[in-house]
Amino acid sequence: MDLTFSAGELAFRDEIRAWLASNLPTEAMASMDTPAGFEQHRAWERVLFDAGWSVPSWPRLFGGRECSLVEWLIFEEEYYASGAPGRVNTNGITLLGPTLFAFGTDEQHERFLPAMASGDEIWAQAWSEPDSGSDLASLSTTAVRDGDHFVVNGQKTWCSRGAWADWIFCIVRTDPGSERHAGLSYLLVPGDAAGLTRRPVGRLDGEPAFAELFFDDCRVHESNLLGGEGDGWSVAMATASSERGLNLRAPGRFLAAADRLAALQRRLAASGAADDELTDQVASAWMKAHAYRWQTYQVASRLQAGGTIGSEASFMKVFWSELDVELHATALRLLGGDGEVVDGPHGRDWMSGYLFALAGPIYAGTNEIQRNIIAERVLGLPRK
Amino acid sequence: MDFSFTDDQLQFRDAVRTLLDDRCPPAAVRSAWTNETGRIEGLWARLADMGVLGLMAPEERGGLGMGEVDLVLLLEEAGRAAVPDPLLEHTAVAIPTLSDAGVCADVVDAAVSGAVTVTVGLADAGPYVLGAEQADHLLLERHASLHLVDAAAATITPVSSVDDSRRLGRVEFALDDAQLVSDDPRARSLAFDRGALGAAAQCVGVAQQLLDVTVAYVAERHQFGRPVGANQAVKHHLANVALAIEFARPMVYEAAWCIATGAEHRSREVSVAKAMASDAVDLACRRALQCHGAIGYTIEYDLQLWLKRGWALAAAWGDSRRHRRRVAAALQLA
Amino acid sequence: MDLTFSAGELAFRDEIRAWLASNLPTEAMASMDTPAGFEQHRAWERVLFDAGWSVPSWPRLFGGRECSLVEWLIFEEEYYASGAPGRVNTNGITLLGPTLFAFGTDEQHERFLPAMASGDEIWAQAWSEPDSGSDLASLSTTAVRDGDHFVVNGQKTWCSRGAWADWIFCIVRTDPGSERHAGLSYLLVPGDAAGLTRRPVGRLDGEPAFAELFFDDCRVHESNLLGGEGDGWSVAMATASSERGLNLRAPGRFLAAADRLAALQRRLAASGAADDELTDQVASAWMKAHAYRWQTYQVASRLQAGGTIGSEASFMKVFWSELDVELHATALRLLGGDGEVVDGPHGRDWMSGYLFALAGPIYAGTNEIQRNIIAERVLGLPRK
Amino acid sequence: MDFSFTDDQLQFRDAVRTLLDDRCPPAAVRSAWTNETGRIEGLWARLADMGVLGLMAPEERGGLGMGEVDLVLLLEEAGRAAVPDPLLEHTAVAIPTLSDAGVCADVVDAAVSGAVTVTVGLADAGPYVLGAEQADHLLLERHASLHLVDAAAATITPVSSVDDSRRLGRVEFALDDAQLVSDDPRARSLAFDRGALGAAAQCVGVAQQLLDVTVAYVAERHQFGRPVGANQAVKHHLANVALAIEFARPMVYEAAWCIATGAEHRSREVSVAKAMASDAVDLACRRALQCHGAIGYTIEYDLQLWLKRGWALAAAWGDSRRHRRRVAAALQLA
């Protein structure tokens, strides 16, 4: 056990810290879930890419710097601590990216990974359908072979940034007679495909952050099939594991939020606008962010030693999503009557952050389902 | 000991519910989110006609001469319907405060008739005034005294709430432009208790509505071949919301009775009510959203109207922590 | 609405308050779950009975004073506020009593109620079996007709005070071919019946408060059948409703505990042994006890006006049982390192109270099952 | 960054587990509840033989010269087995504190060999001393200095714990009868951090054991024609316990490393670990009992051994609230 960063890790940390200090955008960007903000954030992805920071853990061949898992965690800590902009291509880089590495052909790697790394192609995830949410395997969007194309028909929903994304990754039913987990395929669809209509849907914070996608004889070339035809479920589960485990929500963002929360408490207390009564709750939330960091380093050590992460990913998903709610709810309690205000006097907009955090226990598999997974697959309790 | 409402009180409640079903459906509330005034066309006048606005005004001022016990049932309905107007400020605080003080009879008359709207800003109620720009008069606190100010004479800076139908404003005014309503600290304390009680009643109404729509949704929505609401985790989430409401509601009624009768522990009881009602609506918001899943997370679906109202009302007129602290002080715990 | 006590209610309150002040035992009694304490508590029941206070809500004919429901709530408040001893015949008076009134014959009323009221006959409840707890309807203890007797065979468990009780009320299967809720009967069994063996079992606090009962061709006369043969389930549900609703746990005991908690906080704070950090939790627990009181008066008003209480009883059972845990857990937090001590320096033994409170979410139907009832029968959610 | 134990460390842990399975099964723990000493015949000597007692003593004193990182795995096992002796006081606090101070070498030698038992009483650790009557020596705090006292020279008043194998005593002593160990406040602070860390490790072990036995029980116990553990409410109760352990455990290991390496934020990290471990074991106790139902509520069933140990350890060496307050102070929140 050695819980210090190595000389190499420290050098890595100093390098990203210095780069961020010199290169952070000076102007605030619009929300990435508006058309204008989307393009501003895309431009920032290019800045990161040009400096080699957009996908630091990827192979150099595709724009990365082949950093270790621990270095990637360091990158995330520094990135969020700096207050740098949100990453508009997160779903591509952290969810589709690892799945492409695992299941994609060499041609697909070359076709998709560099453009993903540079931000030239921003990705959105379209899995849920109006009648298939938690029960994804009940999905009914079909893709029927026609020569070297698939013809897609159906509807997808809750597609984050799906209104403007350049590409979309979907799960569709390619075997028309199949049921449940069989007969599904993982398809990559251009946002401008003929037969694809996209309707923006307002998220709780008012931004048109979701899209509904309507596929009406939408033709997708077979080269855009990821993994084997009919293997979509197992490919999708690889993505879901990334979503629940380390990839989507590294500790950095919560450590940064915990530090902002502590600073808010100190500031309000110093100005007499808050008393000490919430100290215990602020300390508790900070501790949990800290515990998430160390649990993650423990998991990373296991992975770097050749171990794997399976259903334990559900621990992380439940923990970070409920931690995020707790961090923001505590801030709102500190703010009292100021809590309902958006763009209020306390710098960061904690109410908007709260709204965003409340989605955490829902997406990437509801926390109810994650707890089932922990009980059944980790603890071994009977399913029925 | 008789902890029940009269048939008249329940019938008045039902009549208000019918009115609000008709005039304040979700589509109308949505209009208040985006229109200029943040209000629903014609609703104020109908509430005046029915006697709701002047419920607590003396009969000689055109009011119904009723009290807080009559009022809470109606404010619960206002919560259920997410009425966007500063109804509680006007009806539960401003009119009885001015009437008690025996001042500004012309304003009371106009307020009872619905010709004007009077909103309220007290130091302990929160940093902003609801509907300040839309109101005609503002009942404001300074140095523990209460003053009435014409809206035109106040400086109002709009502030955006997460609930766009809550038009908040930061208000400044000069004492020269204000009329003293009362410098009796008991008047200020009573005004605050009335406001906190009204907010508590609205919280309970919002929580009940969130529970009702969520029960309906999870009974109908199917996943894995059965209703989502057949899952024990969902059942227990909603049972917990029902429990929170079941025990908050009698405290709201009891606190109303304490104000109406000038009971000794009035302020403590109001704080118990608001603390429990705030906690109930906060839990209802969390669980309603979770049990809906993604559809509840959109502005196209009506759930958001009650979620955002619930978050705002949980903190308005003192959040649960502040009210628990008042209870602790009354119990000499701290 | 009138939330003051009437003149009659005030007179009633003053009378019981004065009586308690003059008649409380001066010597502390042993635990009622020891042989010696059991008899001490029985003697106290006789004192109450002689003064007309053992069953105040019952008809005068059976030793009561026919007080109203509100007066009974007042009695309970005064009783617990005075620090009077626990009631050793609670299961008889509050659970079997109402069931006897509803289902018993005149002969059974005369036979059992006066002796119950006087404490001459202390009752225990024996429903659970080793394999039938939450799932009571799966019980397998049989009672077979033999002339004017039933011959009982089987095993009951978790029978509180069952080792010394004079009488035991059971549910048994009288129709040997029946399953689940059909074919059950409600039987009253003398503690000294031949063929009944009782084994004391230590409760978590170490007292031999439970008993296991072994029925081995135990003969019980048919006059001890309560309700019709085969109607046991519906009779039992009347008892269960008493157990969950108003009867078993009136607000008085929790109001008294809340007041003791507040006093503990004040005393520790005054002596510098505790700080104000737990003020919020003490206030919260006190508020809930207070809310339970007012919710109960609201229910009582409904009942006095001719209303009924059905599945809503589950609200009360969940609330008082979790309130009781919260009251005691908060006290233990106040006590810190003194919390683990039994018979410690702070007067009341909060740890023992905590152990007792922890049983609340289990007995009388687990809180998990109560929440199912609330969801399914009050809210109307689908069972499956 | 390498957050893993060595194979040697894990093998030592496994060997201790094997020893405890053999010598400290529930029946043996039960004997300690009722026997005169509150200890298990022969266990102390076996732990000495294996090197556990002297794990942190320098090799020249017959110890293994290891540190806190080696120790926490073993104390987790002690928690799982509900070892009744004052193991952490002796091994994790007394021996290293005396060794660090370079005093009482004879006592250290005897403690390492298991010939004597040394227990500890620090002001912040709680009002009582574990095993005071059974120990030979007591390491006690007065005026922020540490003193060693012969048990015979101290006045010990027994106090009953809910866990009868925790033989507590209120201890008084005269400075004339004591040997000064250290008046350096850093020594006192380090002793406290070591004790809190050890208690945290034991809490995690107790919590894990409660989880394991409860998982086994609910998988086997049937009601309504299926295992109790098939109910989603039971699943979620136990998933929540698993979550609490999953995130407390790395903090215990990290805090151990911080003590072992003298890290700057050592005390803060120890407090994070103890706060989270106390909360984890408290939740585990509540849920284990609830999921067992009535059978867990008897003294005949073994669950009670871990429940009572869990409640005691959650509060010993500072409960979660006190440790959160230390974290808050370190973060300059209050």
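All chains are identified by letter, namely A, B, C and D, in their written order; residue positions are counted from 1 within each chain.
The working rule: contacts are C-beta pairs under 8 Å (C-beta built on N, C-alpha and C of every residue); 3 or more make two chains touch, one makes a residue touch a chain.
Since this is a predicted model, take the numbers as computed values, not measurements.
Comparing chain pairs A-B and B-C by the number of C-beta pairs in contact, the larger count belongs to B-C. Ranked by how far their CA centres sit from the centre of chain A, the chains are topped by C. Centre-to-centre separation of chain A and chain D, using mean CA positions: 40 Å. Averaged C-alpha coordinates put the centre of chain A at 53 Å from the centre of chain C. Looking at chain C, one finds that residues 277, 280, 368, 371 touch two or more other chains. Annotation for chain B: residues 231-234, 236, 321, 325 touch two or more other chains. The touching residues of chain C, when paired with chain D in their complex, are 128, 131-135, 138, 157-158, 201-204, 206, 210, 277-278, 332-333, 336-344, 351, 355, 358-359, 361-363, 366-368, 371. Those residues of chain B whose C-beta lies close enough to touch chain C in the complex are 1-6, 69, 211, 215, 218-219, 226-227, 229-230, 232, 234-236, 238-240, 242-243, 246-248, 250-251, 253-254, 257-258, 261, 272, 275-276, 321, 324-325, 327-328, 331-334.
Listed in rising order, the residues of chain B touching chain A in the complex are 125-128, 159-163, 166, 168, 222-225, 228, 231, 233-234, 286, 289-290, 293-294, 297-300, 304, 307, 311-312, 315-316, 319, 321-322, 325. The residues of chain C lying in touch with chain B in their complex are 1-6, 9, 70, 262, 265-266, 269, 276, 279-280, 282-284, 286-288, 290-292, 294-295, 297-298, 300-302, 305, 312, 315, 318-319, 368, 371-372, 374-376, 378-384. Taken together, the chain B residues at the contact with chain D in this complex read 231-233, 236.
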